[in-house]
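In the two complexes below, chain A is the common chain; its partner is chain B in one and chain C in the other.
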Partner chain A sequence: MSSYSITEPSSRQKWVAGTLVIAYAVITLLPLVWILTTGFKSPVDAIAYPPKVLFEPSLEGYVNLFTTRTRVSPEQLQALPPPATWYEEIVRNRDMVIAGPSRYGERFLNSVIIGFGSTFLSVFLGTLAAYAFSRFKVPLKDDLLFFILSTRMMPPIAVAIPIFLMFRTLGLSDTHLGMILLYTAVNISLAVWLLKGFIDEIPREYEEAALIDGYTRFQAFYKVVLPQAATGIASTAIFCLIFSWNEYAFAVLLTSGTAQTAPPFIPTIIGVGGQDWPAVAAGATLFLVPVMVFTILLRKHLLRGITFGAVRK
Partner chain B sequence: MAEIVIRNLRKDFGDFTAVQSSSFKIEDGEFFMLLGPSGCGKTTTLRMIAGLELPTSGEIYIDGEEVGQRPASQRDIAFVFQMFALYPHMNVRKNISYPLVSQGMPKSQVAEKVAEVARILGITDILDRPVGGLSGGDRQRVALGRAIVRDPKAFMMDEPLGALDAEFREHMAEELRALHDRMGATTVYVTHDQLEAMQMGDKIVVMNHGVIEQFGTPQDIYDKPATMFVADFIGSPPMNFLRFHGEVHAGSSRVKMHHEELEVPRLMEPFEGDMVFGIRPEHITLSDSGSFRGEVMAAEYLGTTQIVTMKTPSGELKARIPSDQPVRAGEFAGLEFNGSTVTLFDNQSGRALRSELNEGVLAHG
Partner chain C sequence: MADTPIDRVAKATPPTVAAKIRGLSDRTIAWLFVAPTIFLLLAVNIFPLIWTINLSFTNFRANRPTRDVEYVGLRNYERILTDGDIWLTMQATAHFLFWTIALQVLIGFTLAWLINRKFKGNDLWTTLIVLPMMLSPAVVGNFWTFLYQPQIGLFNYGVSFFTGIDPASFQMIGDVALAPWAIVIVDTWMWTPFVMLICLAGLRSIPDYIYEAAEIDRASKWRQFWTITVPMVLPFLMLAVLFRGIENFKMFDLVVQLTGGGPGSVTELTSINLKREAFEKWRTGYASAYAIILFVTVFGLASIYVKALNKVKER
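Right, the complex of A and B next:
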């Protein structure tokens, strides 16, 4: 009774498809919305049952995230001068005073250094390697490419113990450099393969024209190939950043003090002064921001990037 | 401007030999054609002259300087690619000025040069357009602009008209030739289109399987082919080949083919064995007095001339005759050959036998 066409779906089909997409979006976004709202709840609201959808917003979670606090007696509290800032006031309402900053800022900074550092290094090395694989006669090229890919054929954590021992011997445990190198090692195979696809698509003639025009091979690469590969570089960078930003297992295993990133740190907030879910949620919310900003900045490249390099014409 | 000398040039890609020991000389200011079917090594030769491929062995002299192992950027030549290779992230002006920027030329001078080149090519009004939306012809002009803006020693062109549609190709070919005549720059041009090569070239090198078959002016190559490959590749329809077994003596100007005595240019070398009698279609006339007879198979009307396909005891041949001469399929007619234009070939090697006609050409071919 109805005819099917590839080009024009019926209004019913559109309606079904739309509903499915929205349902999927709701299901995926719901946990994020929950985390976002929990961050602005008071500790009591956060654990209320049934859960509160409407609540009085509070910044207590964010204050707790960034501070360490000490409980004081009401008499001591009375003796103190009045609170100088709004966050001191929030803390004093709970019979506590701010003892100092928490380590969240530090851990967050570690995440930024390690995440962006390894992303930069992976994309930088990956671009050079991909260019070489794409353009030059590399001995055993196919075997090398397969070897590079084979490093992804098991979960990286499967080699956790050798890496742990190696890092201890080399003094890389709990260092920024160690984590950057580790994440780069994991990401670089993805970077090489993705970028090789993109660079393969760029006709050689562009570089040859630049060589003829009096530029060196490196200048031709830098001035002609790189701008052409921008899309691929951007989408590769997003994939690399998402991995190294979110990585948890190695971060737990290999960092504890100086180089600890935010993912292993956030759960430890739970233990500080009871189950402080709003602080955990606040930490998680803030942790999402850099990747979201980075992805939004590069998003126009991303969609084209996913489909562009993959399809051979 | 420069003369280019190629000596014993060879290029191997692994086990595959793309170019075998080529030697030829391109005079200063010549429009030089590298002609051959695809895969014959003509593009590889061009790329070696340009420095985009390094030769396995042999020498390349540009203006007397040996540049064989030097990178492209140090050879001061310009290259026009088949797909133009305009930098897609730059506009027309930037594309054309790019080779000047690499030389560190001051900005005001670059602007002046670009404006001048744009005027010559008639692309002044598109200078600030992105290259993405340009038509094929305009892309071609921009690619030429990028090549000529620098006043290079020589131009390399790799089938520059191949990406254009047929109608426009003719027009661009004229434009190219006119540009060359005005600038007088040495140009090396790769094409697989024999008509293009004949129409535009001062000299032609015909290549096949990495080997140079013949090197000379378009007239010499057409009238005095050095090999059967050249005779067949050049001309439309190609030269007719009548195969026979026979014997010729040096100094004789007659050959006996299937009991038929035929006139040929006086031969300079003796030969015995399987031979080929090569004659261009326009050197055959149909006349009833001709003793060599054939049956008319078909006639193709081409306006002023017609191509008549004949079946003869020595094989099929095509004759180009005036279109007002009445011919009907199934008829038998006598054929007369213009003996002074005939080339005899050794059927085994495909090589032309030396004669009065082609002696001068074969000597340095």
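Right, the complex of A and C next:
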């Protein structure tokens, strides 16, 4: 059907709208581009005036991110055998030697363990609860759902006071398990709300047919409903993962050594006279790029998910 | 239920544990499925909340757990509500809330409206615009202190490029007058996409035929905008404001990394102030009372707001 539609914007309107949106996008992405590029600048280029757009790429930031270094006198440096690796050479050029690995690797690994652990738990428990809320008559259902949602209204610092005391009593302070349980509790409210929406959309007839075929309710749940809800479960998982990945307030208050995640660690990367910006940018890049890639690849599901919780209630 | 061959076989064989689980009634399954979630929320949310309420009537200090704890009645509450510094904190929070929400609604709605013109490639650009809100506020906030540096910072350079002001002449996070705006700018940068996405969902929910009918009635585009677009998007917009309001009332990570509450205490939002009391001064009892007051405030305001929202929806 080819016809003139009065609700379709004219091509001039589209052109103007497109230009404005693209202009906004370019400006809004500049800080992110700056993080990516600063990681590859030498310390001198990073703080040059005017800010350098074109520069000679250097891996010094990444080397500094992963190592701790000590300054040595020129005589000592002379006495050392020649540098064995390219990164040692970069460090030697600054009159320093590598003293050992930095803690960034550990912190990053903690983020991965806690992020995936809590995501798995919240999606697992959330799917069960969402299914029950969607299909069965649960007493006080609306109150329970509101209660689950209202737990998100508390400022994290307010919750952190008793959690801090509780973890100290139970020996969960600064442990992976403690952080996983805590993030699961925070995430689960969102998970239940999102998943209930996805499961509500699956026609009940599918399960009823399965029940008539002799499946038990439990079999019907995992053989019929779960595969149908897979996309919804996946996008809920991404949301939970992003939350745990980005969380800072609980992490900074409840972890210090063994279980500290990357967000409280990255701002503490310091060099000579303040923050070592290329190293900070390098650490931030490695930490942020996975989320950016995820967002772009999974945009259809993610964007739906963001508005989904909002549009339903 | 019909006695199928499977049922007969099932009855004939002794029930194993697995069979017992599979054969559970709907009610038991419902209970089993909901219980872990409720238990977790009780343990990590409600129990701590009750504990906080209890602590708020004491002079307990978490850094001296062995000291005797005295019940002091409502003294903590009294001290908070009569403390002038806390009112300054509230003012800083109100400034932050008002301006971030106003700017995000304005820019977010405009962007959504433009994207809804359905120009070519709008999908990709929408995704790119959304990127900042997906990232870690603490990590990004920390990097913004670099962008805000006088002279070498990209932000100051950008301002000087467009206005001609000397980039070394102003400090966004060191200046008492500018710091409250520095946090508003970064929060707006980060969260405008959220408002935009919700507005976009609202705009896309308006069926075309309403505009077609208006067109037949010869309503001007301006009139269509104010009588169709705005009222239809309003419930969505109000929801976005609710979410942003709650989130920014709780704001901690981004601002603590950007300004740490300074200079002085001009950007010391309630959460930052609370953190100081609880984890730096270790006045646990006092901080607990403070936390309760904040929670009641958010909860109360949110409930009133949701009532208003439902009225708008019914219209």
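We take it that the second predicted complex is superposed on the first by the 279 of 313 C-alpha atoms of A that agree within 3 Å, B and C clash if a C-alpha of one lies under 4 Å from a C-alpha of the other, contacts with A are read in each partner's own complex, and residues count from 1 in each chain.
The definition used in the following text is that a residue touches a chain if its C-beta (ideal position, glycine included) is under 8 Å from a C-beta of that chain, and two chains touch if they have at least 3 such contacts.
Keep in mind that this is a model prediction, so the values were computed, not measured.
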For A:Phe66 in the superposed arrangement: first (chain B), second (chain C), both or neither? neither
Please indicate which partner A:Phe116 is in contact with in the superposed arrangement: first for chain B, second for chain C, both, or neither. neither
Examine A:Tyr206 and indicate which partner it touches, taking first as chain B and second as chain C; both and neither are also allowed. first
Tell me which partner A:Leu128 touches in the superposition: chain B (first), chain C (second), both or neither. second
Which superposed partner A:Gly214 touches (first chain B, second chain C, both, neither): both
Let me test your reading of the model: by the given contact rule, A:Pro227 touches which partner, first (chain B), second (chain C), both or neither? first
So which one touches more of the residues on chain A, chain B or chain C? C
If we overlay the two complexes on their shared chain A, which of chain B and chain C does A:Phe167 touch? Say first, second, both or neither. neither
Please identify the positions on chain A that touch both chain B and chain C, taking each partner from its own complex. 214, 216-217, 219
For a test of understanding, state which residues of chain A touch chain B in their complex under the given definition. 203, 205-206, 208-217, 219, 224, 227-228
In their shared complex, chain A is touched by residues of chain B numbered 50-52, 71-73, 77-79, 81, 83, 85-89, 98-99, 102-103, 146, 150
Counting only contacts in the complex, chain C reaches chain A at residues 4, 6-7, 21-24, 26-27, 29-34, 36-38, 40-41, 43-49, 51-52, 55, 62, 65, 107, 111, 114-115, 117-123, 125-132, 134-140, 142-144, 146-147, 151-154, 157-158, 167, 189, 192, 194, 197-198, 200-201, 205, 208, 211-212, 215, 236, 239-240, 243, 246, 249-250, 252-253, 257, 270-271, 274-275, 278-279, 284, 287-288, 291-292, 294-295, 298-299, 302
Please output the residues of chain A touching chain C within their complex, sorted ascending. 5-9, 13-15, 17-18, 20-22, 24-25, 28-32, 34-35, 38, 47-51, 125-126, 128-129, 131-133, 135-138, 144, 147-148, 150-166, 168, 181-182, 184-185, 188-189, 192, 214, 216-219, 221, 242, 245-249, 252-253, 262-264, 266-267, 275, 277, 280-281, 284, 287-288, 291-292, 294-296, 299, 302-303, 306-307, 310-311, 313
